[in-house]
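Every chain is named by a letter (A, B, C and D) in the order it is written, and numbering of its residues begins at 1.
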Amino acid sequence: MGGGADGVAYFGNLETVSKKAVSFLKKQGYVKSMINWGDKFSLWPVHLMTSCCGTEFAAASGPRFDLERLGFLPFGGPRQTNLIVIEGTTTLKMARSVRIVWEQMPAPKWVIAMGACAMDGGIFYDSYNTVPAKDIVPIDIFLAGCPPRPEALARAVVMLQESIVKNRPPAADIQVTAAPATPGPKDVVEAVSK
Amino acid sequence: MIQILSLLMSVSLVSFIEYILPPILYIIVFPGLIVVLLMLFFMIWLERKVAAKTQLRFGPLYVSKRFGGVIQTVADLIRFSFQEFIIPAGADVFAYIQAPGLLMAFGLLPLIFIPVGPYYANIFPANYSLLIVVPLIIITPIYVILLGWASDNKFSFVGSMREAFLVISYEIPLILSILSMILLYGSVNAINGVSFQIGRGIPGIVLNPIAAFLFLVVMIRTTGRFPFEISEAESEVVMGPYTEYSALFFGIGMSLPYIELYSFSLLFSVLFLGGWWPIVPSAAAASGVVGGLLLPGLVVFIKALIVMAFLVFLRAVYPRYRIDQAITVGWDQAVYLGFAAVALSMALVWSGLV
Amino acid sequence: MSAPQDRTATANLTYDELAGLKADRELVLLIGPAHPGSGHMKIKVWMDGDIIQRVDPDIGFVHRTTEKLSENRLYIKAIPIVERVMLPDTINANLAYVIALERLLGIEPTPRAQYLRTLTSEINRITSHLYGIGLYGIFLGSSTVYMWAFADREPLIDLIEEISGARITYSYIIPGGVRWDLPAGFKERAETVLQYMEARLKDYGKIWVRNPVVMDRTEGVGVVSKSDAIRLGITGPNLRASGVDYDTRRAKPYAAYPNLDFEVPTFSEGDCYARLLQRVEEIEQSIRIIRQVLKDIPDGRIISDDIYSKMNPLQKRMYEMKHRVMFPAYMASMRPAAGRSTASVEAGRGEIFFYLVSNGDKVPFRFRWVTPSFLNLPFFTHVMVGQHLADLPAIYGSSDYFPPEADR
Amino acid sequence: MTGRKNNRIKGHVDALATGFKYLAEPNRMTLNYPDESMNLKDNYRGFFAVKDKTCIGCSLCEIVCPPKAISMLDLTDAGGKKKKRPMIDWGLCIFCYFCVDICPTDAFQTSQVHDKAFYSETEYQTVHGEPMQYPYDYSKRPDYKEIYESFHDVAPDDPSAGSKKVVPKFDKKRGIKYEHPGQP
């Protein structure tokens, strides 16, 4: 424990110390599988309604499909969550919010691109105001349909859980997607593998 | 070194059981840390499950299908523990980091002063228990305010301001409610209060229902249950004071309302539900660990559990009040009710009915 | 932070300096677009203490350029586009567009198709109102009502799914008629669902509508007077909750509505509670309409002869076998004669207005539509001033505003 | 239900009693999805494939497709004759079934499969292998013959095939309940 110049006390450099500790712990096999188990059953999507698939997202958390069974609890703030479900089209204006929310979220984070609009553009493929979701954030699961049925969202969550258990790293760790200053449909994705 | 060893050897097994084990049991096991932790896991799961049941669905299930997903909170805790901890750029770092810890500490502190068995008097000074518990309960929300203040977020700020307003407006009803019971029992020692109820055979909730109702309302407010879940209102101020907190610190912060709920419920069952009645340990058994501590403690705990279950069930029924309505209730009707409760107690005592 | 601490220091300040102090006290909140109480929009709120001074909604987060897209595509391709804009209420958007298109083409749908359009439209109206009521629950903090409303949408959604083969985006109504006929035994199943819905509405009354906390939160909050409602141009249930008896189903009848007997409920108070009750009442009326439609529905073809005659023999055989309309190639090459047409339809949130101009080409020359949510937008900025911060979600939720619909 | 005068105490009691009623007698309508899945109606609009023999290559489906998810491929069959066949991009398809309905020969093989998700773009853009370009980007079109061979006449694989199939039934009291067709 050291003393800062202007009367602020530091516990070392908190960020580096905690990162070192976490990376050490994560190398231990049993710890890793425990973390995976925790992540698997605690996928909390952030409240980010990008478009109209939000109605089916809402129905998926509703009683008939009740994704809370799988530990999927929609939550308000981005700081406490670890999953974004991009619900349909992202417009140029919304793309910035999506990127900001994604960057506000703490580290192991996943993204589900829900619906045709988030995949290749769907019916709005040639609109001047929409962006494919993969140009904004790295995406783990793509989900077909317009809008996909709630079961399909459940399928995406199940597939995400499987990939977590199989130690597949989140797409955020593999791809480095540069945030376009003004993201547009023709912006090139720079996917750099580690 | 040798002196210490000889001292240890001189401590016989009997004195170990009599003098050293009970405080350890009391602090670590019950109603201390381990039970608090288990209660926390269970209560958060129960809240989600009860709400889900009322809402025509299952709630957490797949994490352990056979037991209805009872370890859901454990999974959430593990996930929170290993998530990235983010300190916002504008936050007051020192306050931001220490606030959740202090919150936890002050949330746990009242537990020491709530007697859960007659044996309690042998370990801790119980003579002023009610006088100590009240300020300890009231002081905790100050750290909630600190939490919001340190975060440098407007929603946290608004949320902590709401918390501050509500704390102030519900202090007087809480004090009046406890005061009326102190007047009735003629003692600030909660053990005397329980023996009063056991001796008369009437629980406090029947003796002074106004005070009990008022205490319940204050309890709902302080622990942020619906319809008084105002400082964390998700659709208004996101998560209120907790908006910027991530990872384990959020877990610590969010567990506070449940710890408060626990201490309040213990206090409620001691003050109003007859404490450890129907188990009335004899004088000999009262000084034993099992008869004096564990069995009465279990009874108090079960009563507290029922109270907690009722309070978490309210989530399924009510939306939330507006802040000004809640404050008006606190300063207006609740204070009148408090005076009525005190008057009722005085009338009971003076008329010699109890 | 520079506010003077000394009490006497403010005594001699001029008005402008005091106003500066006030600006120092002012709190500006940016609510949205990733805020649990905002939906797909950003609301900028200036507050003095807990009182809202000014509200500036920043819309356009879901602007998907439907008008421009439709002007570059075949007429038939606009059906899915208009649906995506009003996702809780797709049938009504679809119906409004198809009515405008039919007027351009000069096609008249068959009576049975008219009844089927009314039927699906009313079922969709119930699901749309339930969607609004459910989200209002979230805004006021009651997750139970949200869950219940979304649970009770499901049987109704299943009913339309039986007819149209999709959960939300039905694309059911086409020029000249509808795409599928009623399946066997539909009437009995629909009656079961309606009885279930009626029983559930009583429980909604107990836990939500008559709940004292809800009444405290909504009564007298966000009051829109009758004259204000007309002046601001708001529409739909919000307009009727302010005491204006205007319903497009009555004023400009379409589909099978002229033959049906139903009431248009109105409330005079114009506050959030009236808007909530308005939706509950309209659900009851919709149930009544659905019963009548199922009783009175005439037999016959579900597609007009204009379209049927253009089908090839295989498609005609498919229609006779499966009661399912196959598209003749004409659907991909519709060229309405030059002209213009309009259509108004009462959707769940209010009146949709369509304006189509054709210059004889296979794509529309002008495609213009006005959606109800956009018309309802001015009213909540109007009434939020002077209310508490906590009333913002209460008013927003009561208006049942759906941002994608407003942004188009 | 519409009156405004309300007894507050009765209101609280009613609300709590209704809550307790549903707590004591849970009226669940949850489908346990990954374990159970619904049998949808025959006309449900799910994933579909092309019947190669029936297709005459008239391109009507390509013309009518609203999101341009269908693009016609120029292929040569075994006899060396040129033919056109539709190719579907699931990243664009909105399941409106305009293509299915406009087909003059009813050449689409429909299914009720509706719950497909993909780990990467390469998986969905043809379902079977090589990624397809955007339909309007004709300059980069590769030879799709092999892909098409593996694609047509193949019913889309159902991710929920292994789960228990249930049939939703309407109920006056519970709204929706599920019945297992296999059980009596």
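As a convention for this text, a residue touches a chain if its C-beta (ideal position, glycine included) is under 8 Å from a C-beta of that chain, and two chains touch if they have at least 3 such contacts.
Bear in mind that the values here come from a model prediction, so they are computed numbers and not experimental data.
Peer 1: B-C versus B-D: which interface comes out with more C-beta contact pairs?
Peer 2: B-C
Peer 1: From the centre of chain D, which other chain's Cα mean sits the farthest off?
Peer 2: With centres defined by C-alpha atoms, farthest from chain D sits B.
Peer 1: Based only on mean CA positions, could you tell me how far chain B sits from chain C in angstrom?
Peer 2: 46
Peer 1: Would you mind pulling out the distance in Å between where the CA atoms of chain B average out and where those of chain D do?
Peer 2: Chain centroid spacing, chain B to chain D, equals 50 Å.
Peer 1: Could you tell me the distance, in whole angstrom, between the mean C-alpha positions of chain A and chain B?
Peer 2: The mean C-alpha positions of chain A and chain B differ by 36 Å.
Peer 1: Indicate the whole-number Å distance between the mean C-alpha point of chain A and the mean C-alpha point of chain D.
Peer 2: 24
Peer 1: Among the residues of chain A, which ones contact at least 2 other chains?
Peer 2: 62-64, 66, 69-70, 76, 123, 126, 146, 149
Peer 1: Using the touch rule from the top of the page, what residues of chain B touch 2 or more other chains?
Peer 2: Touching at least two other chains: 54-58, 62, 234, 238, 316-318.
Peer 1: Check each residue of chain D and list the ones that touch at least two other chains.
Peer 2: Counting only residues that touch two or more other chains, chain D contributes 15, 18-19, 22, 28-30, 32, 34, 66-67, 94-95, 176.
Peer 1: Which residues of chain C touch chain A in the complex?
Peer 2: 33-36, 39-40, 60-65, 68-69, 72, 80-81, 84-85, 87-88, 131, 134-135, 146-148, 150-151, 153-154, 167-169, 404
Peer 1: What residues of chain C sit close enough to touch chain B in their complex?
Peer 2: Going by the criterion above, the answer is residues 27-29, 35-37, 50, 137-145, 147-148, 151, 207, 211, 213-214, 216-217, 388-394.
Peer 1: Where on chain D is chain A touching in the complex?
Peer 2: 28-34, 37-38, 47, 66-69, 89-95, 114-121, 123-125, 134, 136, 159-160, 176
Peer 1: Which residues, counting only chain C, touch chain D once they are in their complex?
Peer 2: For chain C paired with chain D, touching residues are 73-74, 76-77, 79-81, 144, 151-152, 154-155, 158, 161-162, 164-166, 169, 171, 179-180, 183, 189, 192-193, 195-196, 199-203, 205-207, 209-212, 215, 219, 267, 269, 273, 277, 280-281, 312, 314-315, 318, 324-329, 331-332.
Peer 1: Once bound in the complex, which stretches of chain A touch chain B?
Peer 2: My answer: residues 8-9, 11, 14, 18, 22, 25-26, 34-35, 37-42, 62-64, 66, 68-71, 73, 76-77, 79-80, 82, 104, 106-108.
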